[in-house]
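Chain lettering (A, B, C and D) follows the sequence in which the chains are written, and residue indices restart at 1 in each chain.
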Amino acid sequence: MSHSIPHSTIIKVRGYHCDFYGHVNNARYLEMLEEARWQYLEAGLDLSYWKDRGLGFVVVSVTINFLRPASPGIDLEITSETTKLEGRTGVIHQEVINRQSGKTVANADVTFAVIDLETGRAKTMEGEVLAGFEKMRAANNQNDGS
Amino acid sequence: MSHSIPHSTIIKVRGYHCDFYGHVNNARYLEMLEEARWQYLEAGLDLSYWKDRGLGFVVVSVTINFLRPASPGIDLEITSETTKLEGRTGVIHQEVINRQSGKTVANADVTFAVIDLETGRAKTMEGEVLAGFEKMRAANNQNDGS
Amino acid sequence: MSHSIPHSTIIKVRGYHCDFYGHVNNARYLEMLEEARWQYLEAGLDLSYWKDRGLGFVVVSVTINFLRPASPGIDLEITSETTKLEGRTGVIHQEVINRQSGKTVANADVTFAVIDLETGRAKTMEGEVLAGFEKMRAANNQNDGS
Amino acid sequence: MSHSIPHSTIIKVRGYHCDFYGHVNNARYLEMLEEARWQYLEAGLDLSYWKDRGLGFVVVSVTINFLRPASPGIDLEITSETTKLEGRTGVIHQEVINRQSGKTVANADVTFAVIDLETGRAKTMEGEVLAGFEKMRAANNQNDGS
């Protein structure tokens, strides 16, 4: 999976994203990461691919590191990249970067499963599931002009 | 509807309720009002009363006035009282009071409809709907020890 | 104020915007309206105009009508237009439109005051405050290509 | 740190906590965990202890596992327990338990630092910082009636 170009989403920090301490609240980062993952999935592959096959995504765990604060007016760039597809889970690595300073504000590894929406059971990363991710990677690279 | 004692809910302001300006964010008040209405409905009458009759609540409009800021550590008391039941809508009046200062932080009129969950149609405020509200008022007054 | 073209912001509905009922939650609309107002203020006039004069915006009240539900995948267009500037308050009218159906999902009148950030006092809608809004309207119309 | 009794917070799931999929949204769990940590800190030790010493808490990272879905009406019990204090960071372990089923819905390890609010620097877990945690543990155990 080494040649994938990370997908990129921009979100401008607003006052309502922040908490009493004047910086983006920890919980809000999880919403921003979710927004970026939706855009990543849509950009790489029409969501109907998954829907047509009766497949859905479930987040199994998140590990997030908060490295620097972010204040209103900052443009956050959120990169999303699938870094692992193995057994019944995959991992999307996401970086949240302050575009003004170029520094990483937060980063996260989001472990997910692809489930059969009818049975609720996780699928192994093979066959049509793996094919879906291969198509996503190809489409993302094309979108990025490489 | 003059003898109803308003239902009361307490929510302590936390850092995550606030925004960049250090005060509870406008959108968050709507969540707090929703929380208070659920507690009001539950306290006055088991929610199964409505569910058994296939009835649900839909918020039609909200008018909210922001009078004073509220900061972390403040206990907010949210009172809820049905002030109108007429035609196809009712109004719940809610006050958000700073318990330390005794002053009103915000107040709102929430207009709702009771709908038949199967047809999606609003019911008129009569029969079992009106009976439900009468039971709620009676139960609330009893809970408040009067 | 009759020749102003409303500013427009697009927000795509995601699963996290919705609540248990599968539609955008009432409180979330207030965040979407706030996002649209920031974009409206930025598009029409650099926010430094207000900042340089030590002026800030405070929302005094919101009246919002919920007309139709909105589900994930829908693009919401939020229009923002200043419809009143009188005495110590102004009103921004906002419409939330489902771009797929063309129908209005919600609309709101947001009453605000412009305050002197040092004294916390509301300014009357005249002089530099009024000039700021005139510049915003001119800039918005230009952006919209008229 | 083996004899500490975990602090416990109860939050009832409401419709607004959930997302399109009908279950508590991932980001919302981080707010619930934050609420539980505030109650934990307050119950164990008046927050003025930390404030008087010019100390604040900063969350450095969160690892959260989502094990089961939670729907409206469920009472979630969130336990909070300091499981590590070493060098410049500590770890609070939190479990989110469905009180109706007794099953764990989610669990998390929250790594934090105690910082000197004036310098912004992390303190080592010794002296007054360690003493604060010892007091918290003693107070929590007493509150729990043991």
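Just so it is clear, a contact is a pair of C-beta atoms (placed from the backbone, for glycine too) under 8 Å apart; a residue touches a chain by one contact, two chains touch by 3 or more.
Everything numeric here is computed off the predicted structure, so don't read it as measured data.
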Original post:
In this assembly, which chains make contact with chain B and also with chain C?
Top reply: A, D
**OP:** Find the chain most remote from chain C, comparing centres computed as mean CA coordinates.
**Re:** D
Subject >> A-B against A-C, pair bridged by the larger set of C-beta contacts >> reply: A-B
Original post:
From the C-alpha centre of chain A to that of chain B, how far is it in Å?
Top reply: 37
Original post:
If you average the Cα atoms of chain A and of chain C to get two centres, how far apart are those centres in Å?
Top reply: 29
Original post:
What are the residues of chain D that contact at least two other chains?
Top reply: 14-16, 27, 31, 34
Subject >> Interfacial residue positions of chain C with respect to chain B in the complex >> reply: 26-28, 30-31, 34, 58-66
Subject >> chain C-touching residues of chain A, taken from the complex the two chains share >> reply: 14-16, 31, 34-35, 38
Subject >> chain C-touching residues of chain D, taken from the complex the two chains share >> reply: 14-22, 25, 27, 71-72
